[in-house]
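Chains here go by letter, A, B and C, matching the order in which they are written, and residues are numbered from 1 within each.
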């Protein structure tokens, strides 16, 4: 019998029990401020193919608080070109195969965190989440997804923790994920993971986005299945005001259109007519005195007005703080015996 | 009653008692080699908008020695463009507002060190020290200045510690800060902080610089007031030999001219006639067997001759070492209960 | 009496007793998994003039495991231009002299690791290994070579540990270092150190390389002397199949030709006729069921075929892992009382 190596790559791969246990642990850690030294003598690599300050900070502090060592490595594609495909004659730019890099990291570290944004050119390639998948294929230690082409599960766990703190038990709570205008076509990892995670907890979830900005069909199918199986509700609307109506939590986030994937300039032109998709005090008044959420960094007065971002209803710094507690809980779940 | 958050940004903001307490603590730490583990479980972010090896090394080692975790982050303006102004519609390059970044760092770290050199184009902007001031405005934890547009207080504390070690009690000791030629227009943070700090301790301070290279009028006013209130003396001379006469400590440093601020090429041309402002063995003979000081890095045989830099009178490595001890004392002052 | 500062720069500088003691310690550390906390409160700087992930990871984890703090610094020549020569008027690009940087590091750290590849333009300069030599000249604490222009002693110690694990006592074991084709002219540090180290242990060493790709004459002289004094054997052959014959270990590695040093394009053209120098399953069948070794990163299907790299005979991940154990043993040898 072979035991499959455990990873933390996508909340969909985790049982409801595991997600609940992590959330409970995160809440207890935050309340008691007692960090078990379960990572004493253990090391965690943090590989960043894309730069990060928030994720890197919170992971370094989380690992340290549990007694371990985090080793961040900024592996820009320019400085550490890697080969992903099998059987290739490596006589071009790539100097190392991801297989070998991963096998070596498994000898030095007890876990490996990986951040790797989508390449952004070809959806048929990015939809396979190739970098994080290559790491999980070869690693002998747990891989933790610090945001991949498709998923950002650590953010989603922090978001669930924040919802629990602010709204109480999640069942039937009305939460809306609304698209917002942004000058660039951003990845879908955060909205994917937020919708996939909340739909597991019997919430009443709405996604509001302009026509043509729906999440990928396979993701929407999973969200629907989650809602059905978990006893929740799910709908998509293409009007921001309609989406905000009576929401107990309004989560703003921009993302690119699949219809223009890899064609940034064309996508940008098509997007200009949705510039009014911005969270204003007026929009917030439509909610049920809802909280305002965003994963940060946020472009102020583009995604949402200063009056919203700085209002008492805004829980954006709590979401950021909960990255720390959620990630401690994830590390303990993966690494403590 | 609101309690103002304590920071360490400028020695002028600190009471004489605080500065004296830090110096005493630094000396005891160095003598006893007993590091209290007061930062156990605490984390300190070190944000570098400009590269650093000396400051980063000494801070990382200082935090570790006290039991804590330092997390250095190199936030080059290119990789992490930030907005400082309030109310801006952030649809340009800046992806995050300094307010949000600072609020988030306050959730992860117990203190934040910041290095941010002046922009160097517009004195009316740089004189406000905008980056470090933005951090102090929004931070909920102590901000430690690791060299800003105007001040380098950690260097000044290390310099005072070195003066105490080499000259004994500072009262009435004759110290000269002399300008020296350098191919670039350097910032004024080190000379500002050195003069502001020494003038608090009743020293007999001379600044020697070419005409047109005086420190900013508002800084000179503060130095004069410090001398008057502290019982010391202060004068400015525009002749290097005159400045060196009878000095017990000669501190060499280059800085740019305010008259040519932001106009590097013109300032350079105007500076060529002061190439002889270099510390030579002849100049050192004019001093009262004075020590030679410099904050490093030093351009040898431009700022000072090898014979001076490598002489027994040179205390440059002690100054560098004292960064470690002074910073430990500052950290303890800010972070231990 | 002056005591010479101990460093770890080249296995040739170390006694047979020291090398044996380090290997024994590395094996015990690996077997017992008991890390003595001998570096508690000690700090080790890791200066990288060239990027590194494997060396940096293994050193950071090694220092942490022994209770200390490793501070990696990426000192690209562009960002931290340094002067090496004495007496220079430093009015050009270099802002700091290596002497001053090293003296300051000696005040903060208990040891300094340095990685500095050859400049690759002028063999008469690179053969002096100028960067690492400058560090050892000025440092007051041990310098550890993390790969210099000429030597990679940490890799060599990990390779010896791997040979001991896989082949048992080294005396008279038949080991072959074979050149392999690679699209770039790589440095000679790894082959130099592998041959210099194995020839100390009475092995039967063969180097196989194309005509014109011999290691430097002074290195070959030292290898021959090592073999003579240590009771081993050494030969050079210019045929890959002949070199592989009956080998108990086959170590593949590419390196550039001294005849074309600094002339990459010409050297490349001259090298094309040796593209068949690649480790294939057929070649491995000529060995005495030998193990396959490489220091990584490896270009698959260029240096060696996938079937070789992934075969049970391949010990490449063990070599990489042994970097960790060998470096712990080196650190303990240098830094524990």
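Details
In this section, a contact is a pair of C-beta atoms (placed from the backbone, for glycine too) under 8 Å apart; a residue touches a chain by one contact, two chains touch by 3 or more.
A quick note: this is a predicted structure, and the numbers were derived from the prediction, not measured.
Relative orientation of subunit A and subunit C, expressed as the C-alpha superposition rotation angle, is 120° to the nearest 5. Counting every residue number used by either copy at the subunit A-subunit B contact, under half are found in both chains.
With centres set at the average Cα position, the gap from subunit A to subunit B is 41 Å. Looking at subunit C, no residue sits in touch with two or more other chains. Of all residues in subunit C, only 35, 51, 53-54, 56-58, 60-61, 64-65, 183, 296-302, 306, 309, 316-317, 320-321, 324 touch subunit A in the complex they form. Within the complex, the subunit C residues that touch subunit B are 41, 43, 45, 69, 71, 73, 75, 79-80, 83, 86-91, 94-97, 100-101, 103-105, 107-109.
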